[in-house]
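The structure appears below as C-alpha cells.
Here the chain labels run A, B, C, D, E, F and G in written order, and each chain numbers its own residues starting at 1.
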C-alpha cells in the first residue's frame, strides 16, 4: 500500500474534480424527493386515527400533546403533534394501534417562523362516563375495539351502545345516571371504574 | 409483623394523584399503582372465557398465564384498548400506564413505628399499615406474598371459585 | 473465565466478600471500601486489567460504587462493588493508581456527592461553577415528609 | 508627473485593482470549489460580500484601542493601493526610478503590518496568537522574497528599478528562462503565497485553530477593508512577480493585455494548486521552510545569477 | 569663520555645568530653568553658527556642525525630559549632563585630533558617572563594564591618533592604525563583537541619559569613524577594509536585531536596536561611496531622532509602571495616548515603514549597497532588508505588549501626560520622525550633500515621489478620520470574543514572553541565543573567561577595584568637591592615569 | 542575563466553548508559553444534558432514542451498547438476521464516522480539499442510511431484542454498489494521506501516546490501537455478527496522530469487508428481526460496543419496572480525551488542534448525566408557557440591544 | 429592497454555535458546506468569529452552562443578524426538555428568526428553511 507517489493522487483527483460535473445537488432550484422511508413530519390520518392516545404515550420526546376538553356533554380529545419537539423517531407510527393513524410523511421542509403554523392536530369526539364524567375513550376508538373483537365486545355495554350508534339505532342511554350508582347502571355509558362500582354494589350489599 | 393493607374498592373513589410513594429509585414513582394493577388482575378480573381484553390488545401485551391475565409492561403502549374491551371494569385506565412504578412495600426503609408514605398520604382509609390480627374479622381479606393484605370484593371467592 | 475467577480468588482471596458470576463474561465482586486501593492496585497494576469506568449509584441505605475493569484477552469484565455510608459517603481516591479516573471521580463528586479523599482537584466538571451546594442531581430524591 | 496625475491613478488603481482582485478571489474560490467537486460561488460573490459588509454594524471591542483598531485597515488599504499605483505607473510608462522595487517591497509589507496592528489593537488573545504568527510569517517570507527580488535585479544588470527590469526582459527574454530565474520564480510564488495568507501559510487566520485569528474582532466595514486589501494585494503581488520574472504586463496593446492576463492566471493557478493540495503548516515549520530551504535556494539562485546562469 | 561662535556651544555647556556647581544649593525649580536655558542656548548657538557660517564652511565642518545640532537638540530634549523624569536629581546630575553634552559637542566640533581625544575622554567620564548615577547593583556592574570597555577603546583610539600623527607611508602601519581606530570608535559605536557594554549600560542609566547615550553619544563613534575613514584614510586604499566593515555591519545589524527580538526589558531591547541600527550606518559607511555616506549620515540623524524618542517614551512607561519589563505593561494606550502615539510613530520609523524617516535613510543605504554591487554587498542588502523586517517584528512586540491588551494594575494619575517638560520633547521628536521622512528631498539636498561635499548621484526625484505618496496616505487617513468620526462614535462596543467563554483579561494577555517563542526554537538561532545567554558573544565576558590566570588576576583586581570604586564612586557623587580622594587608588585612578599619560604623550608628540 | 530570569508567566489561550475547531461547545484552556502549550485544562459541561438521569424516567424502549441522541456522529453505538447491556441482563440472544443487520449498521456507521474524521482532521489542518473529498465520499453512506432507516443520522434501528427495521432485500445491491465505490475512494485517500510529505511533517511524531499513557487513562479504540494496544471489543467480547464473519483488528505502533489516521483509514477496509459478508448472509433470506421481551427482571447488565471511537460501555440496572434504575454510560471519548492532556503538553497551539482531532473527541457523550427537577413534577415547560415566555424574553432582549 | 439587503441575501456568513446538542445537527451544518450541498453557491460560508457572522446557527438545548455564553455570543454578533434555531433541541428542547440542565429553548434566551426542526434536519431542510426566510425578507 505504501507506494510513494506524493501529491500525484491528489492532483489526479483534483483534476478529475475540476473537469467532472459537480457533485452538488440542484436542490433549492429543483425540488428534492427524499426516499420513500424518509422520516419526515408526522401527520395524522384523519380517517384512520381513532384517537386512542397511544402515540402520545409512546412518544419519547413527548412531542404529541393530548388535550381532553369536556364542556357540558360535548367532549373532545385533541391530539397535537409538535414538529418543533419531535425527534422524528417514528415510534408513534410504529406503535399506532391502527398502524396508519399517524404517519411520518416525507415532508422535510418544515421550517417555521411561528410554531402554530406547523402543528398538526386531530380532533375526536369523546365518550364520557354518564356517571362521573370522566373520559372513557373516543368514539372511534370504541368502534375500533368493537370491530377488532367482534362479538366479544357485546359484553361491554359501552361498546354495545357504540354499535347501536353505528347501526343508527336510537338509544335512550342519554339519561343521566343517578347517584348512588346501581347495578342497573352498568348497562349505561359508564367508565370502567363506575362499572366496577356498579358491579360490586349490590353484591356487597348482599353480604 | 406489620403488613400493608389495601382496600382495593375504596380506591375507586380516591383521587388519582393523592397518594405519594417513598420508593424513590425512579422519578414520579407511585408504587401503589402497580400494586393495584396486580390486585386487579388477581382479584377483580372475572377470568372471562375468551378474554375480550387479551383479544383486543393490539400489541399482544396481555397474556393469560395460569388463568391470570398478565400485562407485559415492556410491550404495552398504554393504548387503553383493553380497558375499553373489558366488560367488567377491571382494567381501569390509570392502572395501565406506559411507565410503570414499583413498590417494595418499604421493606427495610421504615423506622420504628413509621408508616409508609402511601399510607400516610392516603386520605380515605384505603391504605393501612397494620398487624394482620387487626383485620381478621373483616370480610374479603386476602394476602399476597408476605407483606400485603388486600381487601377486595372478590367475585371468584363469592361464587366459590378458588383461585 | 474460570481462570479469571481463579486468579481473582488467588490474588484477592481474603478481600472478596462476595462473588457473583452473572455469566461467562461478567463477574461482580464485592469488597469493603477500605480495601479498594489494594484491590485496584493488584488488579490494575499487577494483573494489567484495563480500567473502564466507575459508576456510582445511590441505594436506599447506601451508596454503591462499581469499578469496572476489563480483561481484554478473554473479554471479561470484572466489576468491583463497594458500599459507602449513606450519611457520609467517602472513599479513597484512586487517582494515584489510575490517573484517568480523575474525571469520573470529579463527576461522581458533583453529581452524587461522594467525597473522594486525596483527590487533587475536586471541583466542578460538568455543572456550572456556581451550582448550588448540596444539590446532587444524580441522587434519588430524599424523603419527602 | 504631476500630483493630480498620481492622485488620479491612485483612485483608478484603487477601483480597478479592487474589482479585478475580487474577480481573482472569485476565481480562486470557484476553482477551489471545482477541484472539490462543488459548484462554487457565483461571480459577484465577493462584491456581494463587500457590499454586505459595508451595510453591517461595526463592533469595537471594549478593550481595544479604538484609534489603532480603525486606522490599521485603512493604513493597509492605502499602502497596498500605493504599491499598486507605483507598479501600474511603471508598467504604463515603462519608466521608473532606481530601487523602486524596494519601495514596493516595503509597501507590500504594510498590509501584513496593518493586520498585525489591528489584531494587536483588538486585545484578543486569539488575535494575539494570530498576529504573533503573522509577524513570524512576515519575517519568514520576507527573506526569500528579497532573494527573489535580488535574483531578478542581478539578472537584469543590477538594477532594482522595475522599469529597467522589464525593459531588460523585453530585450533579452523573460528572466524565468534561466536557472536562477526559475529558482527565483518558485521562491517568489511561495513567498507571495505566504504574503497573501493562502493555505499552507494561512496560520495567522487559521480557522481551525484560532477562530479567524488576527481578524477575529473585526466586523462590518473594517473587515471589508481588510478583504479589499487582500483583493488588491492579490493583483499587486502577482503583478510584481510578473514584472520581475515574466517580462511585465504591457497595458498599451491588446495582445500585451491578453498575454499579461494569461501570465497572471498562470500565477493564480499555481497559487490555487498549492493551496488545495497542502495542509496548513505549523509556524516553526513555516519558518524552517522559509529560512531554511527557500533561503538557501535563494542564495543559490543569487550565486547562479551572479555567475550569469 | 568666527572661532568664538564655533566654540560657543561647548563653552555654554561647560559653563552651565559650572553654574550648576555654583548654585548647588538652589532648589530644583531654579536649576530646572537654568538647565533649560543652558540647553536652549546650546541649541541656538549651534544653529546660529550654522546659519552665519553656512556658506563658508568646508564639508567636514558642516558635518561636525550637523552632528552638533543633532546633539544639542537631543540634549535639549533629554534635559527637558529629565526635569520631569528625575525631579529630585541633585545638582551633580545636572552638572554631569552638561559636562557630557559639552564633551560630545567638543568631539564633533573640534578640528584637532588631540582635542578630539580629550573631549572624548571628558564625554566618557561624564557618561560613566551618569550611568553610575542611580547607584544600584546593576548600575555599578554596567558602569564598570562600560568604563573598562570604553577605556580600552580609548587606548586604541589614542594609538590610532598617534599613528596618524606619525603618519607613515607604510601601508601595513596604516592598516594597523586603521584597525585601532576601528576598534576605538567601534566600541563607542557598538559594533558587533564590541557592543556588549551597550545593552548593559543603557538600561542601567537614567532614561534621559540612555536617550542621549543611544541617540547621540554612540554617534560620536560614527562621526569619528567617518572622519577617519573618509577624511583621513581615504576609502580608496582601504579595499580590504570595505569587506571587513561590510561583514561587521551585517553582523552588527543582524546580531543586534535578533537579540533585540527576544528581550523583555524595554531599555535593553532598545539598546540592542541601537546596535542594529548602527549596523545600517556602518553598512552605509562601509560602502565607501558618497551615496553610502549620505545614507549613513541620514540614518544617523534619523536614528538619533527616533531612538531618543523611543527611549523617552520608554521612560514614560517606566515611570508610569515602575518596571522595565515589557510583560508588566499592557493596555497603556488608553492611559497614555500621547506616548502611545509617539512610540508608534517611532516604532514605524525605526522599522523603516514609509513614509517615516527611517525608510528614506534605509532606502538610501540600500541603493548604496546595490550600486556597490559586489557579492558581499548583495548579501548585505539582503541582511539589511531582513533586519528591517526583524526590527518591525520586534517593535510590533513592544507596541503590542505595552499599549495594546489589558492593564492589570492602574497607574496613578500623576504619571499621565501632563508635564510639558515631557510632552513637548516627545511631540517634537515624533514630528521630526515624520518631517524627516516627508521632507527628505529637501534635507538631503540642503544638509547632507553639503556635509559630504559633493552632489551625490542619488535620485532625489524618487525620494520626493515617495514622500508625495506619504503625503497622499496621510491626507487620506486624515480625511477618513475627520469624516468618519461620527460614525466611529456610533459603533457599538462589545466584549472581547473568547469563543463565548467569559474569561478574565489577565489570563489571556498574550505578551512578549509568548510572542517570539518559536523564533527561539529554530535550530541555528537557538544556538545563537544560547550562546548569547552563556555570554560567549560578549567579548568582555570572554575576556574574563578565556584568560584563566589573567582572568583570575583581573577579577581579583576587578573585585577590589569595584569595591573601592563603589564606595568611592558614591562618595564622589555625593561630594563633588571631594573628588581628589579618588585619585588615591582604584581603577578609576588607573584610568585617569592612562588618560593623563595619553595626554602627556600627545603633548610630547606635538612638541616634537 | 535577562533571558534566564524570563518569567514563566503563562497565558491562557482559550479553545472554545464556541470554536470552529469544536463542533460542540467545550472549553479547553491552553496554558501557553509562546506557542507552546505547557498545561491544559479541560472544562466540560457545555453539552451536558443529563441523559443518565433522564434515562431513569424513560421506558426501556424510549431509552434507545435517548441514548441515540447522546451523540450524532456515532449515533448507533450507544443504542448498540445499550441493547447489548439489556440483553446481557436478560441473558437472551437476538435473532440471527437482527444480528447481521446490527453489524451492518454498526460498520456502516464506522465507515461514515471515520470518513468524517478524516475530513475534519483535514479541516483542522487547513487541508480543506481533503475535508471536502472525505465528506463527499461519506455522502453515499448517509444516503444508504436514509434509504434503509429513513434518516441520515439518527437511524432508530435498534431495539432491545432486535432491530426495529429490516434491511429490505432490494436495498442490498444499492449498499453493495456504494461499498464498491467507497473502496476505491478510500484507497485513494489512504494513499494520498500516507504519501504526502507535508502531511507527514505535520502529523508524524505529533501527540505521541505511549502504551503507558493508554493504560493509565484507559484509552480505547483507534487511539489505543494506534499505540499498539491491541483491544477491540468486537473480537474480545463478541456480539452481534462479529464472530460470524472474517476480519482483523488493525494496530500500529507509534501512537502519533499519523498512526491514528492510518488506523482509522485501514479500519474502513475492514468495515467494508464485514459489511459485504453480512450482506451475503442476509441477502435473499427472510427472518425474524425482533425477539419478544415481556419483562425486564431486576438485575444488572453491562453492554459494550466497539464504536468508531472505541469501546462504548453501558451499565444498566433494573428493578423490575420498565425503566432503568441506573444507567451509566461511558463513552469512548470520556477516556480518550484525558489522554489529550498527556499528548498536548509541550506541543504548539497549532498541533493541539490536530492532536485533539486525533483523539476524535466528542463531548456530547462525555457529558450525558442529568438532573431531573424534583420540585415540579409536571413538565417543566408546557407549550403555551413556552411560546409566551419566548416572546417576552425576545422583546426584552431586542430592547437591550 | 436596497442594494445592501440584496447583498446581504447573497452573502450570508454563518456562525455556528452549539448549546448542548448531540452533535448531529452540527455535523449536518458542516455537511451543508460539503460538495453535496455546497451552500457556498449562495455565498454562505462558515466563519470563525461571530463578529463576521450574519447568521447564527444555533443547535442544542442550550443547557444551563451555555446560557450565558449564547447570550454573550449574540451580543457580540454584528447586527443585523439572523438567528436560526436548528434542530428540535434548539426549537423546543426536544427530548431533553425535562432535564434539569435545560437552560431553556433558544428562543427564551435570544430572539430567534427561523426555526428549523428536525432531528437532525437534513441539509436540504436547512437550506429550504433559510430560503424561506430570505423570501420572507422581501
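Definition applied: a contact is a pair of C-beta atoms (placed from the backbone, for glycine too) under 8 Å apart; a residue touches a chain by one contact, two chains touch by 3 or more.
Just so it is clear, the model here is predicted, and its values are computed rather than measured.
Q: Through how few touching steps can subunit B be joined to subunit G?
A: 2
Q: Give the label of the chain whose average Cα location is farthest from that of subunit G.
A: E
Q: Which chain pair shares more contacting C-beta pairs: A-B, or B-F?
A: A-B
Q: Of all chains present, which has the mean Cα position farthest from that of subunit C?
A: E
Q: So how far apart, in whole Å, are subunit D and subunit E when each is placed at the average of its C-alpha atoms?
A: Going by mean C-alpha positions, subunit D sits 35 Å from subunit E.
Q: With chain centres defined as C-alpha means, what is the inter-centre distance between subunit C and subunit G in Å?
A: Subunit C and subunit G have C-alpha centres separated by 41 Å.
Q: Would you mind pulling out the distance in Å between where the CA atoms of subunit A average out and where those of subunit D do?
A: The answer is 64 Å.
Q: Counting only residues that touch at least two other chains, what does the list for subunit E look like?
A: 494-495, 497-501, 508-511, 514-516, 518
Q: Provide the list of subunit C residues touching at least two other chains, using ranges where the numbers run on.
A: 127-128, 137, 141
Q: Got the subunit G residues that touch at least 2 other chains?
A: Within subunit G, residues 17, 34-36, 38, 41, 46, 48-51, 65, 69, 73, 75-76, 79, 92-95, 97-98, 100-101, 119, 122 contact more than one other chain.
Q: Mind pulling up the subunit B residues that touch subunit A in the complex?
A: The contact residues of subunit B facing subunit A are 9, 12, 44, 48, 50, 52, 55-56, 58-59, 77-81, 83-93, 98, 139, 153, 155, 158.
Q: Contact residues on subunit G for subunit D in the complex?
A: Listed in rising order, the residues of subunit G that touch subunit D are 3-8, 10-11, 13, 34-35, 38, 40-41, 43, 46-49, 51-52, 54, 76, 78-80.
Q: For a test of understanding, state which residues of subunit D touch subunit A in their complex under the given definition.
A: Touch list, subunit D to subunit A: 31, 33-40, 273, 276-277.
Q: Using the touch definition up top, name the residues of subunit C that touch subunit F in the complex.
A: Those residues of subunit C that touch subunit F are 22-23, 25-26, 28, 48, 50-53, 55, 57, 66, 68, 70, 72-77, 79, 98-100, 102-104, 107, 111, 124-128, 137-138, 141.
Q: In the complex formed with subunit B, which residues of subunit A make contact?
A: 52-54, 57-58, 95, 97, 135-137, 141-142, 144-145, 148-149, 152-153, 155-159, 186, 190-200, 203-204, 207
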